[in-house]
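Next come two complexes, and both contain subunit A; in the first it sits with subunit B, in the second with subunit C.
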Partner chain A sequence: MSERVAVRKTYKLFIGGKFPRSESGRSYIVQDANVALSSRKDARDAVVAARAAVKGWAGATAYNRGQILYRVAEMLEGRREQFVALGVPADEVDAAIDRWVWYAGWSDKLAQVYGGANPVAGPYFNLSAPEPTGVVAVVAPEAPALLGLVSVIAPAIVTGNTVVVAASPAQPLAAVTLAEVLATSDLPGGVVNILTGRLSETVPTLAGHMDVNAIDLTGVADAELAADLEVKAAQNLKRVLRPAPVDHDWFADPGIARMTTLLETKTVWHPKGV
Partner chain B sequence: MFEYAPAPESRSVVDIKPSYGLFIDGKFVDPTDGGSFKSINPASEEVLAEVAEAGGQDVDRAVRAARTAYDKVWGPMPGRDRAKYLYRIARIIQERSRELAVLESLDNGKPIKESRDVDVPLVGAHFFYYAGWADKLEHAGFGANPRPLGVAAQVIPWNFPLLMLAWKIAPALAAGNTVVLKPAETTPLTALLFAEICQQADLPAGVVNIVTGAGDTGRALVEHPGVDKVAFTGSTEVGRAIARSVAGTRKKLTLELGGKAANIVFDDAPIDQAVEGIVNGIFFNQGHVCCAGSRLLIQENVADRVLESLKRRMAQLRVGDPLDKNTDIGAINSAAQLARIKELSDAGSAEGAERWSPPCELPDRGFWFAPTIFTGVTQAHRIAREEIFGPVLSVLTFRTPAEAVEKANNTPYGLSAGIWTDKGSRILWTADRLRAGVVWANTFNKFDPTSPFGGYKESGYGREGGRHGLEGYLNV
Partner chain C sequence: MTATATSARSDLSELGRSETALRTFLHGLPGVDQVGAEQRAAQLGTRSIKTTAKAQAIDLAIRMVDLTTLEGADTPGKVRALAAKAVRPDPADPSCPHVGAVCVYPSMVPYVAEVLRGTGVHLASVATAFPSGQAPLEIKLADVRAAVEAGADEIDMVINRSAFLAGRYKEVYDEIVATKSACGDAHLKVILETGELATYDNVRRASWLAMLAGGDFIKTSTGKVPVAATLPVSLVMLEAVRDFRAATGRQVGVKPAGGIKTTKDAIKYLVMVNETVGADWLDPDWFRFGASSLLNDLLMQRTKLTTGVYSGPDYFTLD
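Take a look at the complex of A and B:
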């Protein structure tokens, strides 16, 4: 008997719930695989998909979003070994699974913690509630490949935003594999879109895109590039999460600032009377 | 309209000095590398005072004074004691409220009944509210040990000079920061009176610094490497420039920028109340309000009735002397602003909208603009897209609630919105869909220190007021 010939995986992009190749037809070799090399057009297509998904995802109940994030944790747990095989340390996979669970629980609590009634000096009902800002562009950190990625995606989407993620150019396989987890978790297509390839091609397009509401620069290691992207983001006053410090501890309690930076607070007034 | 006898508020309560220096490190000082400029009364064009213009070195001096005060005094001070200083300031504002109101109306041109009944009471309330947070920050929901940022650079506009100062300084100080504030060049006087109030309260030197000047002064302040926080209220254009200038730094930024709010009137709305709300929405403070209800969206089947009633009401508005207690609409703040309002209004006529103003006699001197509405406005018209920042209302119509929401959100701005209907479920449905930071239902232009204010989209980011207002001044 001859040894079985393995069926290899093609690592593609994740846009609108589908796995297309780059429209440019290009790829690059990294982690011993051919990985799609996204173009500016792919980035724009991903924004279109993310925008189309906003209405349904932001309009879903917080309970429903929480259920789906928890489902992501379940699916990730089931594919644990795949990530270990990609070289992700086992304790990091565990932490990534736990992080999905942690954020899942926030879906129907953040509005209570971060919003509330305001006791105005007059006969008015006055309530502040957080709402998602819309489409968020995210630059994932290079390391830790999986936990870092999960730690930037989950806080953005749990509140109802949709994201376009530029995966780490050096560590894209965890990102594409995570896309396979997301695709099987009842997450509506377009809520998370993942681009692989060079940051210099996709991220400036995202930073300057007028239909992107916020940008998370966490994974931008080059300070000059980060400043340039922030300048581009100012064109339509995107909300900006600046790069994480190099010594950031991804295993520590994340706090709520990642979520709140990507939220808007809406305050509604109404008179009281008969 | 009834003839009213003039009822001017006395200006003798205010003692305006011929000239003012910069308020740095607890003292009024002359500028070292700056010049001076004049602040005028926009209702008469009379010069009120000569005011120092801070140059780069002056700004640097102010930032260093703020840093020293932060390191040595205000940072280490227990929250309980910071609170007491803020309570003192709140009380002095209340005690000197008449003086502040008259000075505000003189320098800004707003009617005394607004400065007296809205601006100044809210200023006192704002300091009172944030005073109470100073020793309770660990309960504010930003973690167990929230830390201040350091030195805050704050640049404010001319439409609510003292109120914007309060919105900036009160939360900054409560959170433990020190500040350098630049008031607008057309309305510096109440900020300088506030500096005297800080002296009267024995606020430690350097905790509050006021540098007067125009755009260059503001730029020097915002770009100063020694500031940890930048807070700006003003135009979206300048906000964009500031966002670019802090790129690549660790300065925390909050921006409260322009707006083009939709005020939506459904066919079941109580028309008389809605008309009062429309008038308040666009003519309050001469329409110099970033959250003004400048786009009126009326359901088509009641449009004629609403407009007829609105025009009748507009004919009752009294335009004139800001210090007259019966005045509804005061002076436009500056010649430059008047020119912008005229330019956009002319564009409205040129693009085909129909212009209407009530018969209205305007004073000969000063800057004035009659309350104006445009009907037949389309979404493509400049007067439906650009912020006019004056007493000019653009009227559009809609047929279905979905169309109202679509039109309301069809703007790069997202600061505020209004909804008029008797149906509760429709209010909540509409409010959910409006992309705006403040939604007033069956009311408009209401403000409170406990209620967060700020915009979506290109109206800026961050919130001022309420518990949310602390976040921009804490390291969270």
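Take a look at the complex of A and C:
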């Protein structure tokens, strides 16, 4: 009998819950694997998918979103070995799983911490409630490959936003493998979309896109590019998260700023009856 | 003109006189190769139209849109807003052309007419007991006359599918002739409702029947049944209008309607028109899109080409 030939995997994009190749048909070799090289049209398609998912995801109950994020942690736990095989240190995988659980817990608590009743001078109840901002473009940090990625995706989606993530060009395998975890975690298609390839092709398109509501520049290392992206983002007043400092400790308590930056506050005045 | 062409012409005008002659002629039309038509349509859909060609295609497609609202919930205010949008689709860009026509129910025609007067945008109204066409002929004709009197200059009629599918071609023919005469000067678009005709052969027969009876346009669908315009159906209809002009010298327009939602779809149709019947039909007088959401996608793509960044639905009106 002849020797078995191993099946080599092509790492594809994650758009709208599916794994398409790049519309351009291109790929590049990185981390010893073939990875799709996305074009600006893939970025456009991803935004369309993310926009379509906003209504259902933002409309789901906070409790339900929390359950789904917890489910992601469960699925990730089962694939621990796969990430270790990609070169992700075991303690980083653990931290990534714990981070999903940590953010899952915030889903139905953030509104209590960040919203609330405002004292006003009049016979009114005045209530502020945080609401998701919509479609968020995210540039994932290059390292740590898995924990960094989870630490930018989870805070954006836990509140009801949908995301288009530009994965790190040098470390895309963890991102595509995470997409396989997300696809099997009851997360509705389109809530997380992942693009691999050069940042210079996809991110400026996302920053200028009028149907993107916020952009997280965490993984942009080039200060000049970051400034250019902020200018583009200003076109439709996107909310912007600035690039992370080089020495940022991803293992530390992340705080709630990543979540709150990607929220809008709705304030309601209600007359007080007797 | 040759003697055979002249005699062919007179033959065709005689067809409407008898049921037998019509049946013999329609059933004598060559059958449609279903696989071939679908492959051809799919192949034409793969053309890549970019940059300046795309800009031209988008502007042409905007000029060809019959901006349509056919809902029970239409109000005078809503159709007025739609008419205003038809005249100036993109308020931010004066260079954006106006659409071909506004298409509404007869009771909404007067409100639209006020807005469209003098703008060059046509006013189409569906009539003849749209969308089913299941009403006595007198009522259908009264429907048409009322729409024309109220100011419609294009009438979209539905054929009697019940009679057509039962094989009573003469009845369908006579209804179209009667509707055409009730239209007066208004253009008559004949809706075949291809989603209910079941086969491409029937689509070809219905196209010829509508053209023989004097229709100025043949239109695929009402948009009220699950299967609306498709590329292969439109291909069959385009071939019919091409052959009809070759046989009679009269040019008939084509209007696919329903289910055309994106710029990409619209451009596929334009490619097919150009490849099947030629540039003579690449004009709003001869080709229209019955659509409502298509216009916003065309405007978004147009904005992308002029500004360089992708636009979003937030920046365009909902209807």
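As a working rule, the second predicted complex is superposed on the first by the 270 of 274 C-alpha atoms of A that agree within 3 Å, B and C clash if a C-alpha of one lies under 4 Å from a C-alpha of the other, contacts with A are read in each partner's own complex, and residues count from 1 in each chain.
Assume contacts are C-beta pairs under 8 Å (C-beta built on N, C-alpha and C of every residue); 3 or more make two chains touch, one makes a residue touch a chain.
The shown structure was predicted, so the numbers you read here are calculated from the model rather than taken from an experiment.
For the overlay on subunit A, clash or fit between subunit B and subunit C?
They fit side by side.
Would you please give the vertex angle at the Cα centre of subunit A, with arms pointing to the Cα centres of subunit B and subunit C, as a multiple of 10°?
An angle of 80 degrees, rounded.
Between subunit B (first) and subunit C (second), which does A:123 come into contact with in this model arrangement: first, second, both, or neither?
neither
Should A:25 be classified as contacting the first partner (subunit B), the second (subunit C), both, or neither?
neither
Examine A:235 and indicate which partner it touches, taking first as subunit B and second as subunit C; both and neither are also allowed.
Once the two structures are laid over each other on A, A:235 reaches both partners.
Using the superposition on chain A described above, determine whether A:114 touches subunit B (first), subunit C (second), both, or neither.
first
Pick out the closest CA atoms of subunit B and subunit C after fitting on chain A and give their distance in Å.
Least C-alpha distance after superposition: 5 Å.
Taking the stated contact definition, name every residue in subunit A that is touched by subunit B in one complex and by subunit C in the other, in rising order.
235
Name, in rising order, each residue of subunit B that touches subunit A in their complex.
Against subunit A, subunit B makes touches at 125, 141, 143, 236, 239-240, 243-244, 246-248, 250, 255, 257, 412, 414, 427, 431, 434-443, 446, 448, 450-454, 456-458, 460-461, 463, 466-468, 471, 476.
In the complex, go through subunit A and note every residue touching subunit C.
Interface residues on the subunit A side: 44, 47, 51, 205, 208-212, 232, 235.
Please name which positions on subunit A make contact with subunit B in the complex.
113-114, 116, 118-122, 124, 126, 128, 133, 213, 223-224, 226-228, 230-231, 233-237, 239, 242, 255, 257, 260, 264-271
What does subunit C use to touch subunit A in their complex?
The contact residues of subunit C facing subunit A are 308-315.
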